[in-house]
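First subunit A sits with subunit B, and in the next complex the same chain sits with subunit C.
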Partner chain A sequence: MKTNDLASRIPWTLVVFLVALVVPWLGSRYNTFLATQIAISGLFAVSLNLLLGTTGLVSFGHVAYFGIGAYVCGILMKTYAMPFSIALPAAALGAAFASLVFGFFCVRLTRIYFAMLSLAFSQIIWAIAYKWNDVTGGDQGLPDVPYPDLDWMNSIPLLGDLRIAGQFYVVTLVVVGLSLAAMRRIINSPFGRMLTTIRENAERASAIGVDVRRYELAAFVVAGGFAGIAGALFGIFSRGVFSDYVFWPKSAEVMIMTILGGIDHFWGPVVGAATLVLLNQETTSYTEYWSFVLGTILLVLLFAFPGGIVGGLSAGFAWLRRKRRGAAGPETGSAEVATVEVKRA
Partner chain B sequence: MTSQRLLAMTFAVALIPAAAVAEDPIKIGYPMPLSGPASVYGVPIVKGAEMAVQEINAAGGVKGRKLELLTRDSKASADEAVRLARELIIKNGVDFLSGTLTSAEAPAVSTIAKENKIVFVAPTSKTIQLVSPKNLHPYIFRLASNTDIDGRTGASIIAKWKDVKRVATIAPDYAYGRDAVGAFVEFIKKARPDIEIVDQQWPKLGTADFTPFITAQMGKKPDAVFCDVFGGDFVTLAKQAAPLGYFKMINNRLVDGGEVGTTDAALALGKDYPYGIWSDTYDPVIWPENEPPAHKAYIEHLKTFTKQEYASGWAIMGYASILALKAGIEKAGSTKSEAVAKAMLGLSFDTPIGKLTFDAKTHETGMGEFWGQMVKDDRYPFAIMKNPTYLSQGPYTQ
Partner chain C sequence: MLEVKGLSKSFGGFRAVSDVDLAVAEGEIAAVIGPNGAGKSTLFNLITGHLQPTAGRVLVDGRDITGVAPYRICGMGMGRSFQRTNIFPRLTVLENVQAAFLIHRGQGPNFWSRSERLYRADCEALLASIGLAGQARTTAGTLSYGNQKQLELGIALASDPKILLLDEPTAGMSASETHESIALLERIARQRGLTLLFTEHDMAVVFSIAQKIAVLHQGRIIAHGDPATVRADAEVRRVYLGDH
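Showing the complex of A and B:
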């Protein structure tokens, strides 16, 4: 149990942040782009997992809020030449507001009906993005979204040596790191515990006086807001906002990332995002039949790790620990407890 | 000491020819949709590019260096195309970019080309946004026609039909359809003030049911129709409109600016093709009369290269994109993108479908297409274009 205490005392978000921060100085400009994409996708997937893993709500339309964030930030920065420091919060607020409106209707339904309605709303957003040529650029999108003004970084040692893409990566990492830290706090707060209670048994939760719908709506808004931040960053990273960002395959993609990584762990979706981004990059550059290869790999991974990659690994570690303890003496009872704790961490 | 120096010298001498032979190839990155519905265009375009590279390399390459084509599946997605463009430039070190299909992919990749100062030749994207003054930069070049030319040329054909007074339009409800129809209406109003636009239908892209749009349009009794429905959608439209008597009512006076004059579209419809309509194609492929010898040779090679009985009308765009880059490199005398970008302004180069020139101001070829009536020919099991005529209608001036 002692090792477990130690592990929980390490500020993992900070550790991951510091390790990831080194990437732009390692030399490869392309790896910096990949790392940016992983960081943004990771944030997007963790925000979905707030619904999927923590609250037990299956949303097929999470991409809507990602897209709204991207469009709000892109339009403000490109069309109205607003600074990033205004556009980013505006994107988060816009996405949160949209999820408040749509979520109000969605949480009135359960399970598959909730999933279908969330998908329907996301397709409405897609139709608007695709058709409202004057504002969103329609199917041509908004190309050439500018990078934020990061000239102030040039006077800072080390940061000043980076190109704009590297500097934007640092900004992305700070925003993503703060967002993840905030989400982690939310999940571990009494509010987060209540969401888990709802996931485990919504009827019982409402029987003890919890306003289930209100909690679900709150989770929906928080998840939507963070998805909006991810979308805003992605629009700048890709140097343009396009209607693909709100189309349903992106919802499926983030769902795969989350499930692949493991919905029972906070870092699961981040691992899933990294895995999918890297697999996609490797398969598309080596074969034209990437979809076949990627599909097969995903199938094998999901069969090998039913609880996602992180779920599978931690189950494996727990098994190893149990085995070692089993050899040392009869202590299997406490090991069982440890496994359960790891799973719910 | 002496033996060592001798060894070093032999070594150095031995290296000289090796270095000259093994000079790196000139790399061209080619992101293009190779899966999903858009691959019906993407695959033949890439085949055309591959064939051009093969022909050029067989003839000794460009300035003694071989060309290397790096094709990637962009999945018809703008952000994937951006990622691939970055990967190709930074990781694979490509010298030039071409490819992309949709009107979102091309402007998205154009931004990356600008950022990295790499020449990018867009072979098929028609959106006027791509090289509009606010999006233009030194490294972007467009080979394809654009929606303005499409709409105007269609209008110039209808304008010649003196007995036509009532015209209707039908086009997919997104920027491409809206832009082409906008250019059509503007031109026809100036060319023929007596013509009235009696109806405009906007079915959504990929719709399975055109019947309500067709019946509504027939109710307005147009004499002629400008249509911009293309690809699989046109197959659906043609099959649903024929039994309703749509083509009969307008006397087959339908002009389609969506390349349904390609052999690809004609093959897809087979015997169901609405014979007698007018349409366009970048390459007529089957050219009954006055076929230029260069075109004949190109098509023969394409057929053996792709092992197809009838060649695709899209391959020419991929083929010409490589010829454009080759001409640019030769004129610049360098593979540096900066020099090639300058050389390509006003550059003329020959293609199997004729000479093309990049306008120094707009960075476009201002390329038109081959237009003609689609007719039945007993020698082929599908519609072919009668007298393909190259038309490119610029802004209306009078």
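Showing the complex of A and C:
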């Protein structure tokens, strides 16, 4: 997690943000489409990793909160013509509230039962979304969720040149960027440290005074809230909210993104999301056996790099650094740090 | 300071701890000894809330803490270590003790400050006092076994306990490590005025530092008192000490 001093001094969040911001001006609608999808999936995956990688909780039902966010935002904007600036926070709060209620029961169970109950709750949400015609549109879903009103952007140079999809991408990127920065801050806070102690050793955590269940619940609520933000953005991005957004394969998908990218690193899930979105696009244009390809990739990856893509990369860099140092002569302290990094990855 | 009255624990029909009475005075160093499976760890787990007793009470300073959750008991000034070393293996040594400082000082719900820099000086002072100053940045799980035990002691001390329960603090250590860590333990206990209750299989260790000893056998206390009394006890010699 801790790289060398130089790398840790660069504000990575900002760098990635600025690079990603350029995409819509490159002119390709398709690339903007992919970039939006990656940004939203990245946020969703990082929110899951707050449970998986930080707290050590395996939730198979994370999509429930994504879906609730999507529905709350979609319904408010479409049915009630509310502005995005209200619908988005409402989506986050709605998802966080649902996480609080469901999480209350989930954290009372351990490991596999926690995973199963979280899945069960998400299936309940799916059933409601599927059946409650008057509100969610049932199996027809909620088509034609409007874009936010972004006319104000037209008077701003550069931004005014973009199509609405490009402008919405900018909004998405800002929301995702702020959300990621907030989550990073939370992970590095004392609260975040408590979550890592639970992941590492719940028994010891309770013996130093951590109320394990309460902290797990808090993590569940925060993760749910950010998943809700991702869902809200996704509903607008895909111009509608449908019940398969809350169906369990979506939970599996985000889990795969997170693990594929690497759960031990903050950016791992984002890398995983980007990889999966791009691979999905590439392979579906060549072959209909997407899930077969995905399964194979996963198998290879899990055996070759148990720490995911980012875990594998950072282990590789640590190895290179050590080799270089080895050539330059032994340097005790840092060699030790490098070994540690490999272990973590 | 610490008082245990009629404490019992059954697992199914098996009575692991049976009607145990125990009192440890403030500032005292007391040991519970007994053969494997005597119920020592179970007794500790009952005291620190990790197990619920079938019967009996646990009092700290006259306050009844029976059945209180472990995370609360820690806040009441009781720290502990576990028989199987219990640290946060993938955090650094510094992060391990820092976590204990953070939660103990009410920073747990703080989700916005950077934890890295908080209580740095306290952490380093504590690590120095347990002989781990040079390893602050090492990942805890890669420490030697003896050092992990020291770290666990450090984690417990960070909560500034008044009573410390140590379940076999020197288990698995080499003779010299044992010697060092016992000297350290005694020094820290004296410095901080700690009340210490520990279990240990190494009789040399027990008789060198304990002021009071209770002997547990099949869940029951069969003898207790100062080291000389216990050493002379006929039943203790028969079931446990043998010819030591």
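One rule holds in what follows: the second predicted complex is superposed on the first by the 333 of 345 C-alpha atoms of A that agree within 3 Å, B and C clash if a C-alpha of one lies under 4 Å from a C-alpha of the other, contacts with A are read in each partner's own complex, and residues count from 1 in each chain.
One rule holds in what follows: contacts are C-beta pairs under 8 Å (C-beta built on N, C-alpha and C of every residue); 3 or more make two chains touch, one makes a residue touch a chain.
Remember, it's a predicted structure, so these values are computed and weren't measured experimentally.
Of the two partner chains placed by the overlay, only subunit B lies in contact with A:Ser243; subunit C stays clear of it. Contact with subunit C, but none with subunit B, is seen for A:Thr197 once the two complexes are overlaid on the shared chain.
Of the two partner chains placed by the overlay, neither subunit B nor subunit C lies in contact with A:Thr110.
Shared-chain residue A:Ala207: touches subunit C; no touch with subunit B.
Applying the stated contact rule after C-alpha superposition, one finds that A:Phe234 touches subunit B and leaves subunit C untouched.
Of the two partner chains placed around the shared chain by superposition, neither subunit B nor subunit C is touched by A:Ser85. By the touch rule above, subunit A contacts subunit B in their complex via residues 28-30, 33, 37, 130-131, 133, 137-141, 143-144, 234, 238-240, 242-245, 281, 284-285, 288, 290-291.
Those residues of subunit C that touch subunit A in the complex are listed here as 48, 50, 69-72, 74-75, 79-80, 82, 86-92, 95, 98-100, 102-104, 107-116, 118, 137-139, 141-142, 155-156, 158-159. Interface residues of subunit A facing subunit C in the complex, by the touch rule stated above, are 185-186, 188-194, 196-197, 200-201, 203-212, 215, 218, 222, 336-337, 339-340, 343-344. Of all residues in subunit B, only 34-35, 71-73, 77-79, 82-84, 86-87, 90-91, 102-104, 107-108, 110-112, 114-115, 127, 129, 135, 173-176, 178 touch subunit A in the complex they form.
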